[in-house]
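In the two assemblies presented below, subunit A is common to both, partnered first by subunit B and then by subunit C.
Presenting the complex of A and B:
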């Protein structure tokens, strides 16, 4: 954090020219990374050939070396270490101007392509990346629906199909994990708690660019023959040395999990230590609670993902046998490690989206949340319980079933805190000034879809029905109703709500409504048909649909066309609104959280003067017509305490 | 839950509705109750066409659980749908609102009541599930029980009948006699597979290096069903399905002989 903002003392930042723009930037990062990856690949190829008794290189080792070199040298090339090295070898502290340049001030568009530490830049980088990942993932989804529209593997061969399903899974899981915590957690959350930036701005840039380096690694799956395991990457199938695409999968997960862990530590620290005066835990906006609990959950979940993928890589590269029964390993170990991550991860995705829905609902009904504390308790309850439910993924695994009862109990207990969410949301709508804007439409979508997703989960939590539905299309429909129906709809509520603050333009409401209705109708149609197919016993992951399930799948595929139309409506809306959209006002919706008190576009370091918070941001219709935010100077004694703030005023 | 529970808010008498205002809560609860009854009735009427054919007592029980859970799910879902729909229609404002809604907060009795009802639902689900679970696992093998050893491999099933010395493999039809208990010993030669016969309610993973014994089930209906793999096992996973015929004892005996078995 800088120590002063007095603009007269700030030295001018150097004028950028093309060379300055390219070095360092993402361009030099890619150049460094690619060159280093090529060198590492050749070296390890030679080395493993020389060491191998039969003169064959170890493909898995070569690929691992290539990816490691790519990640490391990308960061050298983009200048991630420049600041640290300058600081270490320099005899003086960095000047304020240098700090500002690192934060991306005065670098125009180029700051989005650099190792920029400003939380708003990182938030926009995440947002753009989420859009790209979503688009790639939805192309995978449409390919799946195309193949499953008729029986038999017609459009893709089974190998390609399995790869597409796996890529669709990973792209969507990764992008839904970051879709709220990435763009809004970085851009909006610090402003919401009255901070000037994240607690660790450089780690913030690191977490984003790690995500960036994972994308080429993941796309290289296509060049390396794909992978057959689907997104779950179950060993021992993953141990089979069929294609090196599996290594790309494992590496993607490693890099992505590290990126997410760093981001989680950063957000957690930010919320703990960077809240402004008066922003007590009891006054934290519900969105902040959702993101906070989500990142805490990801800190418990993702280490086990890193562990399981490291073990698979070791099985593949060094011929260990963690998961090979013939040499003393066990596939249940993988399943437990995977689902110990996999189930909390669902709530890592859902919690922030649910919190967005609550935040938006309060604004557009002009009512306080119907039981703020109750909802916080509910979200905490969900995150605690979700750590101990993973065993329900192993009901039919054939392993010892003594724990089936306890896992059934835990899983069903989650419906209690989830029920609180519905009580609070429905109660917030009740008798409100219901202003049906596009964000609120998406909140309604969250509620409707999440009810279906939630109650269909009951069928999978209870053993007698799980044993006819497990591993089938019913599961697919269920988790799409939770992850898309609650998660992605929550993200869209957030994007229509915060786009005016983040970009300064309004998204067109008419196109927004069209987007919502196409999405909702297409989505419900597609996955209702798949519920039916799953109930009839259709297995997941099928390139070759059996004839009895053909009709339901054809219907699902037809509805998928409607979803496709909604995707293109949204893309058109974003492009149209960026080009011609109306300019948004600073307080676009009449909301009371802090991000709407700062100007649009949000200035560097957000606040002229750090605000002092005196109440929850939901004091609508309160008998005391008091603003939730008071400028520091209005509070008695503030002037005395002002120097405590990172940024004192004269 | 009563009107007072939702509307009450200490210290804000202004939030109380004017006498002329319709009684929203009563209305919405009536709509909810009526719709729930109607939808449950429709579901019970059409369920037989939606639920797939069950060919064993276990699968009949599983389908029945599905039916019951759905009946429970209808009022739960409709509660959210009806309250939300009612709010969207009745409390909608056309323009950007100039005034705030009433600052309603849930009474403790409402909160505790809500938690109580959801807990009771939970308890019901748990007891139902545990009961079915222990009923299933308590079935003991009899001397009459047919043993079928199921071996999965990429990408085919092998069925051994050790009591008869017969084997059926690959694309051939697998047969089982009707009304005779069957126990499957499931294992895999390579990777994880999922052994599933939907109509018989059998679904368990085939693990490499382990043999899993399934619940003993008794096929009760003569007919042709499907065995399929329900865990992604690689390239031809989606081709790993075959016909399972449940046949009369006589037909089964002649089939076993034709497979090289002895009676």
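Presenting the complex of A and C:
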């Protein structure tokens, strides 16, 4: 299928020195970006001061110039444009040696700090970033629970509290959007479909480093007075926010949305074009379907988000009036544009995590996935419906009363394809040879928590009950059961399942079980208490809780300590396993998808010869399992030779 | 992980073509949705006419004639690109560089003109909703056109270096974006005229 270059085309290895290592790299990117940001800030400050009749600089314009320069020059510094310039103006095509250099060959750990194109490197970069964002977001959550543990102000004033809530929200939403599709979608997915890399390796690096540049922009919120709108950034409050922290919020969203769109185009193209022979649409692993549908939703939903934040920035910088009623704008416009992204985004998060749960369930019940086609249909149904339900977020806004009925109907329709997911999962467990591993425990967590999230959502889909519950803690508990229950639990199922393939070490199963039980108990305890507080009438946008809600909040805060303990258990497990963990085998779980047929660590281009797929990867049922890969393409033979149950799990 | 013994594998030509086509078409889909969001936002604000302030006396539209000239330039740019691309896709023919040059220059001129039209608008503060939508439409178009011009410059580099042979699909997929940019710009301009 493909030609292989001989070793003579590989350039001689140069002995790297410090300058070679630093340029181009993230270090030179940061230096370029910071210097350019400072220069742009000074220049635009002077320019806007000169142009202003009052002699006052336009802070929003200055901040926007600083962020734009930071992003642009970071990419110049890290060498992102080198490939583009060579593509256009070089006298020849890049050699294989140059392509390999770009993919991180012989660069050791430095390749993780460069504009490296290898999809596995990008996957690991995403994974590390997810850990950092998730940890920061968790600390925000813990701060919120601390503040709300007893009535009255304890640590924060209302403005700071609002900023913490908003930062927690955005950090968690962003990290859960990329939590599965970023690390596993980049590292695992191409191998799963039998590809040597993503369709656009350079775009792959671009999408990650855009995400990276958004992080300092977002953290600068703390230096710029915070933002008081909460994670939704509702206008016109966003227009009127006096602190430039709001600009940081808008810019973060813009950069993040562009990064996600690029990643979506790349993943979608990869699945459409790069599948190996025999990997028909009907044989795609269910995880690939989940990620594929998730990125299709991203591609559909994020443009309206980009437009909404562009409008807010225009309102703030140029004094336009998209959202200011006094000048003919309208807040409903923001709400429509935001929730046209905001509701599908829930499924951008949930679909890949649900697919991980189904993938893992089949492996550890040693059964074919029950109703594979039914589940694919269900996931497609969820995707389609999720784009036409955004109006239920506007029930109480006073807009579009005539559409309330249709929005209620289609919102409730989503419970049908979602129910199919539960049916498939239970059907897969039914009479399976259940091997209770840590990934499977988290799948059970998805099953339990996501049901609670889904059922409680029905009350919010119905206008009569939503009128009462909207804006209260019930909503907070509902969406945490949905996003954490499906998204984060699904991610943990995935990380315990694929960590051995990605890192080459096993996560300690005893610590993994401790992590699961602490997380599940802490999570259910915290948000069940908040369900109760919501039913009692506690509003969600309130820094200081009122005495009638004190007991429920104290209980929630105590259980939050258990969640914090689970987070630290997980961190310890990762660090311990990296340092002293057992070395993983090529096929750690006796699974049949293609990623388990390649050696661990995975070679730079994954496959020596591309495999030929002959069936779905879930044929566990027969006494002598038929390999889903044709014998001629059996590279590692790991699917047959690997132990069914590794020692650590026995 | 030691990567010293790694070697690389070449992608098959048809996969290169297919991924280029798919990637550009998906980007266009994403951008179409952004354009639709702008059109929907403008139409929504016009329909709501909040507090009767959507468009007030004194609000004015961008110059119609300037906009029309930019659109004519764009249509010509699309036409010249088509003429060049049709020839460049034939095996053994490099296309007529003059057509490409004309297409690129017209795109560049259109982009700069659109930016100048936007900069010439001296709306009084605070800018009302109608004028806000006009500004967004014009600036979005200007950015679109300049982006297409940058892509054209990169493609021009390959033409100058005679590196299009064997990669004719690049002319084809750039064409997708080029034609889309022309159509989207005309659509946005017509929308601006309709709002007026």
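Rule of thumb we're sticking to: the second predicted complex is superposed on the first by the 616 of 650 C-alpha atoms of A that agree within 3 Å, B and C clash if a C-alpha of one lies under 4 Å from a C-alpha of the other, contacts with A are read in each partner's own complex, and residues count from 1 in each chain.
Criterion: a contact is a pair of C-beta atoms (placed from the backbone, for glycine too) under 8 Å apart; a residue touches a chain by one contact, two chains touch by 3 or more.
As the structure is a computational prediction, the values presented were derived from the model and not from experiment.
Asker: With everything superposed onto subunit A, say whether subunit B and subunit C fit together or clash.
Answerer: Subunit B and subunit C fit side by side in the superposed model.
Asker: In the overlay of the two complexes, what angle sits at the CA centre of subunit A between those of subunit B and subunit C, given in steps of 10 degrees?
Answerer: Roughly 110 degrees separate the directions to subunit B and subunit C.
Asker: What is the contact status of A:409 with respect to subunit B (first) and subunit C (second): first, second, both, or neither?
Answerer: It touches subunit B, and subunit C stays clear.
Asker: Once chain A of both complexes is superposed, is A:268 in touch with subunit B (first), subunit C (second), both, or neither?
Answerer: second
Asker: Give one of first, second, both or neither to describe whether A:430 is in contact with subunit B, with subunit C, with both, or with none.
Answerer: After superposing on A, A:430 lies in contact with subunit B but is clear of subunit C.
Asker: Examine A:228 and indicate which partner it touches, taking first as subunit B and second as subunit C; both and neither are also allowed.
Answerer: first
Asker: After lining up the shared chain so the two structures overlap, which partner does A:325 touch, if you call subunit B first and subunit C second: first, second, both or neither?
Answerer: Once the two structures are laid over each other on A, A:325 reaches both partners.
Asker: Check whether subunit B or subunit C contacts more residues of subunit A in the superposed model.
Answerer: After superposing on chain A, more of subunit A is contacted by B.
Asker: If we overlay the two complexes on their shared chain A, which of subunit B and subunit C does A:509 touch? Say first, second, both or neither.
Answerer: In the superposed model, A:509 contacts neither subunit B nor subunit C.
Asker: Could you tell me if A:96 is touching subunit B, subunit C, both of them or neither one (first, second, both, neither)?
Answerer: Once the two structures are laid over each other on A, A:96 reaches subunit C alone.
Asker: Considering only C-alpha atoms, give the closest distance between subunit B and subunit C in the superposition, rounded to the nearest Å.
Answerer: Nearest C-alpha atoms of the two chains are 7 Å apart.
Asker: Enumerate the residues of subunit A that count as touching subunit B in its complex and touching subunit C in the other.
Answerer: Subunit A residues touching both partners: 324-326, 330, 332.
Asker: Once bound in the complex, which stretches of subunit B touch subunit A?
Answerer: 6-7, 11-12, 14-15, 24, 50-52, 59, 61-63, 65-66, 69, 73, 76-77, 79-81, 83-84, 87-88, 91-93, 95-97, 99-106, 111, 114-115, 118-119, 121-122, 125-126, 128-130, 132-133, 136-137, 186, 190-192, 194, 196, 198-199, 201, 203-210, 212, 226, 228-239, 241
Asker: Which part of subunit A faces subunit B closely enough to touch in the complex?
Answerer: 153, 158-159, 161-162, 228-230, 232, 234, 236-237, 240, 242, 324-326, 330-332, 365-368, 370-371, 374, 396-399, 401, 404-405, 408-409, 412-413, 415-416, 419-420, 422-423, 426-427, 429-436, 444, 447-448, 451-452, 455, 458-459, 461-465, 467-468, 470-472, 532, 535-537, 539-546, 548, 590, 619-623
Asker: In the complex of these two chains, what residues of subunit C are touching subunit A?
Answerer: 1, 3-4, 6-12, 15, 18-19, 22-23, 26-27, 29-31, 33-34, 36-38, 41, 44-45, 48-56, 125-133, 135-136, 153-158, 160-161, 163
Asker: Touching subunit C in the complex: which residues of subunit A?
Answerer: It is residues 1-7, 9-10, 13, 84, 87-93, 96, 99-100, 103-107, 196, 199-200, 203, 261, 264-266, 268-269, 272-274, 299-300, 302-304, 306-308, 310-311, 314-315, 318-322, 324-330, 332-333, 336-337, 340, 601, 603-605 of subunit A that touch subunit C.
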